[in-house]
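Structures follow.
What follows is a pair of complexes built around subunit A, which joins subunit B in one and subunit C in the other.
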Partner chain A sequence: MTVRAQAEAPPLPETLVGRTYWRIFWRRFMRDRVAVGGLIVIVTFVAMAILAPLVAKVVGHSPNQLFESMRTELGLPLGPRAHFWFGADQAGRDLFVRVVYGARTSLTVSVVGTGIATVIGVIVGATAGFYGRWLDTLISRVIDVWLSLPLLLFAIGLSTVCSASPNGCLNGLLQPGLSLVIGIIALFTWPYIARIARGQVISLRQREFVEAARAMGVSDMRIVLSELLPNLVGPIVVYATLTLPGNILFEASLSFLGVGVPQSTPSWGRMMADATEGSLFTYAWWMMVFPGLFLLLMTFAFYLVGEGFREALDPRGGVS
Partner chain B sequence: MRRTWIGTRTVRVALVVVVVAAILAACTSTPPTSETTSGAPAIKRGGVYRVGVSTFGNTDGLDPTGEYGIPGWGVLDALQRTLVTFRFAPGTAGTELVPDLATEIPQPTDGGLTYTFQLKPGVKFGAPLDRPITSADVAYAFERIDSRPLVAQYGFYFFGVIQGMTGSAPKPGPISGIETPNPSTIVFHLTHPTGDFLYRLTLPATAPIPAEVAKCFPSAGGYGRDLVASGPYQILGSQAVDPSSCSTIKPMSGFDPVRSLTLVRNPSYDPATDTDSGRAAYVDAIEITVDTSIADIFEKVQTGALDASWYDLPPATVLQHYLSDPTLASRVNAFPNGNVQFISMNLTHPPFDDVHVRRAVSYIIDKAALQKSWSGPISGDIATHIAPPFIYHGQLPNTDPYATPGNSGSLEKAMAEMKLSKYDPQQDGMCDVAACKNLVLVNQNIAPWTTMEPFVVQDLAKIGIDVKPRELETGAAYNTVQRVANDIPISMNANWAYDYADAYTYLLPMFDSSSIAASGNPNTSLTGLTASMAAKLGIPYPAGGVPSVDSSIAECETKTGDARATCWVGVDQHLMEDVVPIVPYLWSNVIVITGDSVTNFEADPISQGTTFTQVAVSNNLPAPG
Partner chain C sequence: MWRYVVRRLLWVGVVLLVITAVTYAIFFIMAPVDPAILFGGKQPTPAVIQQIQREFGLDKPVWVQYGLFVKHIFLGDQYGWPGLGFSFVTRAPVRSQLGSRLVITTTLAVGASFVWLLLGIPVGVISAVKQRSFVDRLAMGLALFFVSAPVFWIGLMFLWVFWFKLGVAAGTGYYGPAQFGFFTWLNHMIMPWVVLALVEAAWYARMARASLIDTMGEDFIRTARAKGLSERRVIFKHALRASLVPMVTMFGMDLGLLFGGAIITETVFNLQGIGQWAVASVFTGDLPVILAVTLIASFAITLANVVVDICYAYLDPRVRLA
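Entry: the complex of A and B
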């Protein structure tokens, strides 16, 4: 019986492998085929964005090149055909090349905007959580007020005001266009990240390793940077990844409403807005379908990856 | 200039109606009685003309004293009569000034300083007054114009022109330059001879207004909801208004300023007193409904729920639908509205302070592409000078100082002109200096302006001018450009049209230094700006100065008839060739889609879109109320 039991026990590995936190995370993530699929799509979009000039060169059309031959006598755009795979827009520009370039805009705006928001959010949230007391109260109330603002309306107002002045806003710091949209996204995203950072720091600051560091006379700054920040990375990365698609859509929404990027900067939202001018999409379906499809794919991919990150970092997610 | 999202004014002149030929023949010769002498079928009277519009766009709630909006003038045209008017007729016949309330058009006396009018007997106000119109009612209209609280938006045509009118009166009161010796006589005394004074008396604000009702509305806009008619139509519900005291006057039920307006026949209107104007008043009622969805309006016209669109430009997709079907093409009515669309350059702002740069811009712009962005030739003719040709009575035919093959722009000519500029030190035909980089270009954020934008940006880049477009909501775009301190170098949002058929209404507000104002400035190129004015406005003044046409305009203003038109032609040519403040690219059309129920359609002599007194329908609908 004993012999049999020994024979049925699982074989022990020859050597025990020590895995880091991030390695465990990565193994878990790679098991999630849906999330990996999303990652592949994102990588493809990133490659598309980087290689956009090359695509334009191969096709032979730049994103702002105007082709009168691609407009009818009434000024209506012509649809997909050889050399214009996605057809043309209302100004006779190659929609395929513009859609490829649109990936640049979406990725730039969302990644940079989210990045700025993350930095601000972590600094503010960690400060509130670490020092507590009146500073925590003050920052928390500011965040509450900030989050109560009607985001889209405020963004439209800000964008309009900055566009109405020839010099933009803040002495020219915020110029209408890409920088303004990035600024707006950062402005309205940081409070969410700050709340998460604050909560994490509050739970971490009483832990033994922090107490030990304090007992050793380590400075506050070093405690935050060396002890707390590494522990914040996981949840912040997850949240930022899940925020990205929202910000992609936010840029598209602003551009759709005519307060986003200028039309010389290809943007999927702007392209869809152009399609709605005079119900143009009822004739030029391609102006709505192609940018809409790419927008859907990119946001969906980011959501999948974000969800994959979240599950891979979840301590209840099972042993690898 | 009246501003709406599509432009400003229309004109009685040059009405190109593209309705079926038989109907056109009928409408050009049909007297108000609907009988014809040409053998064409008589136009049937009756029915209700139903139109949809995205917004009324009223600037003063339809109060004639201050209303300066396109739709408002169209409605007032059906509700009111003035001392004189342009004949209600298409083509050149519509340029003829005819008496309306007046028995005849008077000759000025006293060296052009005095105009005396006799009023026709038997002309009455509609409900709720139903009383004869007197000279005091005409005088009261001018007293309202002169009253500051009532904000007469085009009072400048009379301030400083009629003696005693300054626009600063605290309330309506006697004007020293207007006499009413008896109920049927009114005399105007001018401060200086004004060649187009009679034209100015066609403006809606000069129509008679009854003091007993209008006095109850001491601030701007209020009277519009209780306007007492003098024309063939009145607002539905006029009869229900009790004018016995101000407290009993309630808004007429037929006018909801944000939803609808219904006009019905004015029973006090006697066609026998209106034999000169050509008003026909075919339909029994006019129903105007606001529908914020332009696509919905055209859908309803197609299904027959509406008889026609009004002044909303049909999208290219709608035009494509109609024009590609021979059975529908005749329902597209396109006609000039006197509106010139242009790109404006700031004469004080480098590099546009150099006339060679401005000429280079004039050569490089692909006007054909811009026209196509407006839906092609049906949207209007390519502009080759400032005011449309009909304004000059044929004295400025086919003049184009910047002609290029196919109107598509000429890089060769533009570069040759640029080489003459101080901003091309390398003499390569490109603007080489920093002054040509990062220039703000203000534009509207709606089509067709957004569609045109890449063409303008690309064209300017060909000669080294790098612009940064700012696409703004229509009102914000105007406000930004018209605030001088913003120092906008170049803009493409603006357009201009006339208030009456005379070049004065283009050239003075657009290019005379007297029209330059710190905000709401219509002279966006700042033509005629002086150094002292620049200092007051807080903008830099170019070392080479700014050209002026003030003296030329002043000279033309005193002339009359053909001499006046010839004079204006000279100013237009001088502006285009020597000053070059703007690049006019389109004399845009108004395009109205009518349903098959419309049996007669004419473009409006005063407003933009439709002459309500001249339309006829076959729907046999009963008039409301």
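Entry: the complex of A and C
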């Protein structure tokens, strides 16, 4: 089949443009319509997060502004209507503006957390894979144990302990608030990345170009940085993208359980926790449906893009 | 085989010690204020603080404290075994509530595991067999949906739709079979089981599909086909067996994730299990309970993992010889 395809190949264009690794990757990604759709959704969410203050200005409601007119005499919130598209929450705040602001919290926490986890994961994983022997055994065992633990419980414990004082834990590294949630996410996701980085380094370590570099007397540090690391970028980007939605859900879960971001910060998880207060959601369904839908759409989009990245990078796929 | 079992059990001992070290570090060393104040509930009296300092040996060096902590867990403290300390919020030893709460969490986790495997693996297998068909696309679309959806949101949506709007399912709360009868109990457990299982089932459907498709490309499948076996026999006798065995170990690894989901499911459905206990204790400032639940759950998951590993070694001799 391939032979025939080559025989019928169109005449070569006048100017030949070399296809770099990334150009091939990008072309293959763009062919995947579902993944491109996901990317568009993500770009929209990012724009929404950045432009949240503008949205608030256009609507004319700030995220923590209380509207007495949006509550009944009994103090129950009123549902979606003109000027309050998503209705109000239990305090009479505009849910639409809060949901838009929620994208900010969700993206900041998960992207920064995943970024830190990726850096730690690559360093630890590459070290384990490159040096092998007892160091590899030790690190792999630590990762195995780490991943089998009920991380959400440890997160709850850590969050409770570190919130005991405004100074936070570890000399102020994990201060109550956003940085604590980011720290928890980083602390609990690096092993996933480390495992991938380790596997990649082990398979690359034996390859000819690494041996050639070693034969030329290049130092270990240099081999890792300029020979191995560039080859790690692809798989690491794929897996970081695929852990990101998990971390978005992690932040939402922590906030839902009341140990995530602080009360005043709009977070989708916390909005849904507010909806469960006294089974309020059975009446005020909008308080649960809208934050949940946005959260779902965002994680869904990230999974689609992550899968698209993975397939575009898979050597078994076609080239063009 | 026995050598493998002994080796695994020794390893478990190490893991349990590591777990105690990590929890000790989080709850005692990292604490920004005196742990005695943290452990005494919201507003501890000086007498309570002194009592805690004495019980945990907080005036002694760190390694003595840690030794005492480990000794209490494994050998018991003045409240009995396992030594989980005293809750100054409820004014009762932590272990007095443990039994009834563990029953609920175990009920939830075991039931959900059944739904999870019985739903996830068959869907994945059907998807793999009918690759690229409408059924496959629908199943994988739904799987991706449930992977992306937050557990608490699915739980709330299910409650809203099936309980509040349609009235076909029972609401929140745990109704013990002995007290309320088997069917009331079952009725109240079905939704929590399904909600907790859906996310995991979705992952397993995806994995089972990928694993079976990979296996179908192996040489021994071509051999089986060449022998003239029916396609049904090739898939169910040859391919399925080879592709599902690795998923057994993954099941052990994912118990931690299942427990994370259980915490949320218990909170949403107001089941008084140990996860809900830990979450409720955040609000009352009952740190001894959070510590105890963290330890118990980690220990339980580690032990469950060993059981899974030993089963796996029994099924696949390559593992124990490695």
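Keep in mind that, in the parts below, the second predicted complex is superposed on the first by the 301 of 320 C-alpha atoms of A that agree within 3 Å, B and C clash if a C-alpha of one lies under 4 Å from a C-alpha of the other, contacts with A are read in each partner's own complex, and residues count from 1 in each chain.
One rule holds in what follows: a contact is a pair of C-beta atoms (placed from the backbone, for glycine too) under 8 Å apart; a residue touches a chain by one contact, two chains touch by 3 or more.
Bear in mind the structure is a predicted one, so any value in this text is a computation, not a measurement.
Overlay on subunit A: subunit B and subunit C clash in the combined arrangement.
Of the two partner chains placed around the shared chain by superposition, subunit C is the only one that A:Pro150 touches, whereas subunit B remains out of contact.
By the touch criterion stated above, A:Arg205 is placed in contact with neither subunit B nor subunit C. Touch criterion not met for A:Arg28: it reaches neither subunit B nor subunit C. Residue contacts after overlaying the shared chain place A:Thr282 against subunit B and subunit C alike. With both structures placed on the common chain, the touch criterion links A:Arg98 to neither subunit B nor subunit C.
After overlaying the two complexes on the shared chain, residue contacts for A:Gly292 are found with subunit C alone; subunit B is out of touch. Contacts of A:Arg71 after superposition: subunit B is touched, whereas subunit C is not reached. For subunit A, the partner touching the most residues, choosing from subunit B and subunit C, is C. Once chain A of one complex is fitted onto chain A of the other, the partner contacts of A:Leu158 are limited to subunit C, with no touch recorded for subunit B.
Of the two partner chains, subunit B and subunit C are each touched by A:Gly258. Of 182-190, 254-262 or 470-478, the segment of subunit B running into subunit C after the two structures are fitted on chain A is 470-478. In the superposition on chain A, the residues of subunit A touched by subunit B in one structure and by subunit C in the other are 160, 164-165, 258, 282.
Interface residues of subunit A facing subunit C in the complex, by the touch rule stated above, are 145, 147-154, 156-158, 160-162, 164-165, 167-170, 245, 249, 252-253, 256-259, 269, 272, 275-276, 281-282, 285, 288-289, 292, 295-296, 299-300, 303-304. Those residues of subunit A that touch subunit B in the complex are listed here as 64, 66, 68, 71-76, 90-91, 93, 160, 163-166, 176, 258, 262-264, 274, 277-280, 282-283. If you check the complex, the residues on subunit B that touch subunit A are 294-295, 315-320, 323, 369, 372-378, 440, 442, 445-448, 450-451, 453-455, 457-458, 468-473, 476, 479-480, 486-488. Those residues of subunit C lying in contact with subunit A across their complex are 15, 18-19, 22-23, 26-27, 30-33, 37-38, 144-145, 147-153, 156-157, 159-160, 164, 252-253, 255-256, 259-260, 263-264, 267-268, 275, 278-279, 282-283, 287, 290-291, 293-294, 297-298, 301-302, 305.
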